[in-house]
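Next come the structures, one after another.
You will see subunit A twice below: alongside subunit B first, and alongside subunit C after that.
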Partner chain A sequence: MKALDGIIGQSVPKLEARAKVTGTAVYTDDMFRPRMLTAALLGSPYPHARILSYDTAAALALPGVKTVLTAEDLPPNLIGHTFRDEPILARSKVRYMGEPVAAVAAESLDIARAALRLIEVEFEELPAVFEAEDAMAEGAPILHEDLGNYARVVESPFDGNVVAHIELETGNVDSVWEECDVVVENEYSIPAAQHLYMETCSALAEVDGTGKITVWSSTQQLFGTQMAVAQALGLPMSKVRCIAPSVGGGFGAKFITIEPITAALALKTRRPVKLVLSRDEDMISMRSRHAAKIRMKTGARKDGTLLARDTEIVYNGGAYADFSPVVLEAGMLLAAGPYRIPNARNVGRAVYTNRLRAGAMRGFGVMQPMFAGESQLDELADTLGIDRLDLRIKNAKQSGDKNMGSHYLPVCRVGDCLASIRAHPAFILAAADKGVLGKRRGIGISSVVQQSGLFSSSANIRLAEDGTLIVSTGYIDIGTGSDTSLAQVAAATLGVDIEAVNIVAPDTDGAVYDYGTAADRGAHGVSESVHRAALEVKERLIELTAEILECATADVELRPGGKLGLSGVPDIELSFADVAQRGLYVGGGPIIGQHAWYMQEQTIDPKHTRALGFRMGGGVFYGFAATAVHIEVDETTGQITVLEAWHAADLGRVLNPNGALGQLYGGVVQGISGALMEELVWDSGQLVNPTLMDYKIANSLDAPPEIHGILLENPDPDSPWGARGMAEPCIIGAAPAIANALADATGVRIRTLPLTPERVLMGLIAHED
Partner chain B sequence: MRYCCPTSIEEAVAILNTDEDARCLAGGATLVAMLNAELLSPSTLVSLRAIADLDGIRHTDSGITIGAMTRHAVVANDQRLNNGLTVVRLAAQEIGHPAIRAVGTIGGAIAHADPSADYPTALLAANAEVEVIGSSGARTVPAGDFFQDYFTTALAHGEMITSIHLANADPGTVSSYFKVARSDGDFAITSMAFCGNFDGSTCTAARVAVGGCASTPLNVTAVDKMLIGAELGSDQVTMAAQALADACDPIDDVRGSADYRRLLVKRLLPRVLQRAIDQGSN
Partner chain C sequence: MSKPQSITLHINDEDHDVRVQTQQTLLSVLRDQLYLTGTKLGCNQGVCGACTVLRDGVPTRACLTLAVDSTTFAITTIEGIVPADDLLPIQQAFIDAAAPQCGFCMSGMVLVAKSLLESNPHPTREEIREALSGNLCRCTGYTKIIEAIELMSTRSA
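== the complex of A and B ==
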């Protein structure tokens, strides 16, 4: 068997790498259709206003304009991932500045943009609210008067502007504070940040002669997009086909974007329509990470045993619910961190405000409380006089432990993640390097947990005439390398070369179902589906071979290179092609395997955890990791330079080492970027930095010259070859690690992100006084 | 929008003087971004790429002349820009990223006159002269007069930049440039450039320029004078730094607050002086 699955653990180059590097990969914006129109969207000039009337006559009269749509031209249908609260063009009122109010399709982008300037919309401005705390105050302007009437997928208490409210408690937090020798309590603040995928949101829609719409788009969720287009336009899903060409990143934001409005324009004009957002349009009108305000209190005994943690979080959800209730669930489930804390209470709210909607983003709901928790753990360690790594390792969860809600953790090596960094030779050197006066250096560490793997996946594998495999999952490789690792899984299960695996491009007309590229699902549920489907193919291959060789199925063996033979008789051998063709032309039929998968849902055990407003109970697996950084602080300017970083991932089994390290490096750098420089800034509802000149992200020279990736293998029992996803935890730990390193270097503790040079310098000056 | 590509300076000037709303297109690093953002819509783009006289760095008896179309990457790598002129090379190295430095030009950068950009501050400290030409002939504008306000220069209608002239500095002149920015390659929150001379650690001549702290890069004669005779680390330097910070008129923006910028000006002056001394001793 070893020879068959030798490709597992090999750094197979990404299947599409050459096409992307040479510029031949086709993205949505590269596509053209005959008679194609170009679309543009008109954004709202107010953060909160009633729409009184539209006048589109002048725009429609402009030569080259084919249609102008407003909500009046569309069915009154709402869409949304958790609540259906969102129209595809603002209906009766606008709820954030830049919210699309009208859409134009024209012969060229210049004409479409010119037409936007001719559209007149009469608004009645309403009082607006931008901060979550203000939105919860009595008398605050209400964004969604019809909140109670929305169709909802997630049940959670809601009230006023509160989209969702969750409380979870294990043990009895209030009763144990007196037992604690040390209690630390502080407030932490995390800003809204953005995904900044390289490819902005893009869609191309075309209606065929039967009335069926095909939508190509930059998406990470094929079937959800199909459903949203159908819902928004009042069509059966049988009339909507969605296809994902190459996708330039997503990081959680590309879950239903501009596909419905693009489809509406194509349906109206009966011509192909392409809509590609500019960077500023994308930044203003797509999604952000949730800004969050966190109050956290942690108590411990003198020996460092953690006894209690009390966390209260308010997430700013922006104008529409989107994923807010689920983001809140993830935060509530994990706010106590990867530690054994017998008494933990997490109270959270997600709140509507007149800002850009907040949605899913890498580090989903957890990045915020982990910043607070990992900062607070260092504060606690320092107060107790205990080594920061020792404190974490002492309290780390272990395999077989339970998480909040009594969720079982079959594998947890967070303590080993920490220990592996502590033992790393470069870390030992860095820990001794305190820098010089004016350029002090310090190290910081964090350990984190993320819950991953959601909903349904499936796979279908057919053996082609020549013995190659056609693998269909509907899972979209948005740059993560999932196509390559799924091909490895199929190849390993059947013992064929990776060149013999055809990973089918995601297309709702051909692919089986997948929920979407999120929550590290690829290495888990999707891999499992491919593996099981391949096992079914193997079974059929063996049955047919046994018929051909007139032997028992138990005597047929799979041999490397796509061959089957009679056990113990090397000379008797058939190729996959021989067997496939036998099935097709002689008897037995096509060889097809498939598998349908659903997460093993973990529910809340009421004896273990008291819960309010918690529906999901969570998905299949928990990912653990530890991050460390060595930084230098320029005490003249306040600038932080990350000199070196470590990340240890508890990932079960490595399918593709270079792929895993690529995700790890990217996640750590994105985490550093968020920690040091990323923040969306609004002024009276207007996003003031919607360009890459004003909103900065780390580039190659801001990244540390060396990131040490440590991949800890300990196979997961519920996954083929024991693999777990690992691309979410790696973004989470950088921010608290850097804040902890700053405190280590200078004694300055900053509890607000990002750690800008200004914030650091003001902290240094205050610390000196 | 009309596009033309003249092959001589005379031809370019003629177009600029017949078309009220024409704009010169140099490397396009800034102008094209502004066109894309619909901040500008000139009637004619006058590309300068085919005018060979505008490109390249020339060493003359009086100093160094950098053609307006010289790419940042070329300036960043020209080792003849040393001693008192090192500041210009250092500033070029800090502009954007390799891709931007491969297309952006010194003429385009200073015509844009962003006070947070790298060149204006460095050229002001180096006391550069901007050579411009229009229908009534050529003239020379000192850097201190060239930058007049946010995104506003002394260029008159129909004029264009032909080159930047850097006079030979006194022997022993040293220089330095330091920028504080949010990320590598970003515009400055605050930048500072220095050209001058030292006797040991005592300053004997100084010209300091500050970027990102006013509507133009800032040079304060009184501060330059205060530095003469000042020893590094002395109260005199601290006082000069305070005077320089007081002369700034920064704004709050997404890069940083006005208070932070003033604080940086005070704190950066000793650093640029030290770096200049270090450069001299290397």
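== the complex of A and C ==
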């Protein structure tokens, strides 16, 4: 008999693949409603200014304009993921250039855009501050005078422009520097970068005759969006319905975007309103990854034993808090890297500045300190004269170890990740290839850790009359393949074919609850909900079958293909449909399974770690990985080419190998892209490169022709199928691996990203002198 | 704004009479007037390739093409490359290789792949990378898209 759960670990084709290759998958901008209006937003021309007055009369008078909204037309409500510090249209002041100040809904986009030019807003410019260090200085302009009065979801000490301040210390860092034979200390700088999902933020809102608003949008968070729309407009959540159609990527940015303002326009006009940001509007006004300045010091014994690490980070959070306090927590929890370091101190701040808000991005808070730490580890290895891989493996954390805060690590195979790359035949060849004069080649490696899992998830599974399954979670598949892997989990738990599973589209009117597509929650957290809901369905199926067969429940067995039978008697068999219909029409009722849970954070043990300002806990579970690259450096142009890459992921049990590899390849290339070419550049508060022409991301020639994905399976004891998320660690390691490869190839150490040709060339010139 | 003019576009083997502005792009006519939304808007600037259509079989950026300049060509969008209930072998190869992630770039990728394989049924990896270089994908790292084209090349051996 074939195993019930044979579908786990198979490369089942993605459920929506056919729709996506035929152009029939529907994204928000692909939807049209009768009498639909088109919206446009007016951005602030100043990075920091008081709003004195508005004059919207001329815009309103333009034929085809249906409404013009400013903060004066909206309830004075603020929204935000951690602090409620953000109005949906700037209220009394603007805090970054491009911040939406007014919104228009009109019969066409051309008319809406023409109307924007007729809106007069009188501003009084205020001194602005763009760098985090400057924003912390005495006398710096204050962005949020009301900081202390904001409602808070996450508590953290704050002061002036400092949104959050955290200190964590394990052991006693200051006492051990003398014991260290070698100490390396340096500063590192990470620029703001962008998610650059291919589908820009978009929303469509419509109000029905009862006053209920439906919002379709490109989002990775369904219920948070519903809450934000309700909060911003002063409505009960019972009057707001949110639906996610196909989503063209998110990478952390699509957590409440333009839905509230689109809903406000629909509410005002009582007509459907669509708002789709142009690429430059999206880049100017949505979210970035945090720029960070890092000072790091690491000390070791002669034999390479790491003794201490001291890390200080300042994250530039931009104009609104958004996820900054939580991004900071993630960084603080993991700045010491995937190593056993008995004495580690992490001090961090996230700071308001007059730039675009920084939010969540794949690599959440951790890619910044990991760049510093992994660069520094090579610097340390070279000073000690120890092999760079050996140094990492020697100090790697092991299963059963503790992380900062005394967080328990049930599974940790970072050492095996490193060893598997070292043993890879192509890596051995690459390591021997040093290139030629003018085209130096080198290899670089890094190993990283990321924590994941967050907040609540749930699942509801109902058995339809024909024995198929209706699975609802509210989790949004933004391209990660989660719909397919959740369907695999449901199918495996009940032994049915994948065709018998209907994954319900995310809709707050139908789905149960899920926090959102973040922190690799799908493979571990949401799949746990689906698994447990399916187990409940199984229990009801068995109870009803026992009634039908007049036998004990213990004598009923589940058989593959959606069947139940009497143990030991192959001929006595019922289908799921038989049992479902019996429930519906004879007795027992519909068969429904449900599960709801909170992914509990680990707390900080004060006996292990001294903590200041750390509130959330984090560390539901940890994922580990190692990345390596083989690069060529053109010594005349400074251009780095990544010839080949390796990524080994410690990911528990693989639910869908093709899906996992797809995530891995995509993450590695996004990491390479960030390392080599991505940087948002502002001049006096103005984003100077808000186009794909000026902000380059990797194309198919920038991506290495060969990426070796190594999936190290080591089932997680806490997860139903032993699966853990793996889409975050794969983006983190590329930047330090490339910086290390550059040093390997040329001797040039660059501690500032991105590693542009200009920066590399200057490094090469300085190195010769 | 100029006066709209009436033109006839030949799209997916059908004639479409549309009223367009002189400055209106083919992309905007396809999406907003003909509801052929498989062609995507990613940048409106000619960089991302999400808006790729075939113009007399050649991949072309609909965001850089004026509708009024398109009347003499046969335009094929993703919806028109095969009957709606069918798949081209290259589309099947994309599915089998698990190429799509968010899917937003996929219409453009499929059309570029189709046109590459028509002129060069067995491209090298280098030729594939070169052919795809005008189409951005943020999700896949291009790896599985390249694998899909290689799969197709093996299948048509």
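To be clear about the criterion, the second predicted complex is superposed on the first by the 766 of 769 C-alpha atoms of A that agree within 3 Å, B and C clash if a C-alpha of one lies under 4 Å from a C-alpha of the other, contacts with A are read in each partner's own complex, and residues count from 1 in each chain.
Just so we're on the same page, a residue touches a chain if its C-beta (ideal position, glycine included) is under 8 Å from a C-beta of that chain, and two chains touch if they have at least 3 such contacts.
Please read these numbers as outputs of a predicted model, since none were measured by experiment.
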First, second, both or neither for A:V247, with subunit B first and subunit C second: second
With both complexes superposed on chain A, which partner does A:S11 reach: first (subunit B), second (subunit C), both or neither? second
A:I697 contacts which: subunit B (first), subunit C (second), both, neither? both
On the A-aligned overlay, A:I732 touches which partner chain: subunit B = first, subunit C = second, or both, or neither? neither
Pick one for A:M599: touches subunit B only (first), subunit C only (second), both, or neither. neither
Touched partner set for A:Q639, first subunit B, second subunit C, both or neither: first
Who does A:L275 touch here: subunit B (first), subunit C (second), both, or neither? neither
Decide which partner touches more residues of subunit A, taking subunit B and subunit C as the two options. C
Which of the two partners, first being subunit B and second being subunit C, lies in contact with A:E758: first, second, both, or neither? first
For A:V688, decide between first (touching subunit B), second (touching subunit C), both and neither. first
Overlapping contact positions on subunit A, where the subunit C interface meets the subunit B interface: 278, 691, 693, 697-699, 701
Spell out the part of subunit A that touches subunit B in their complex, as residue ranges. 113, 278, 280, 636-637, 639, 676-677, 681, 688-689, 691, 693-699, 701-702, 756-758, 761-762, 765
Listed in rising order, the residues of subunit C that touch subunit A in the complex are 1, 31, 35, 37-45, 47-48, 50, 77-79, 82, 84, 87, 91, 94-107, 110, 125-126, 128-130, 132-146
In the complex formed with subunit C, which residues of subunit A make contact? 11, 13-14, 16-27, 29-30, 32, 110, 195-200, 246-249, 251, 276, 278-279, 478-481, 658-659, 661-663, 665-670, 691-693, 697-701, 703, 705, 707
Residues of subunit B touching subunit A in their complex? 33, 36-38, 97, 180, 182-187, 189, 254, 256-257, 260, 263-264, 267-268, 271
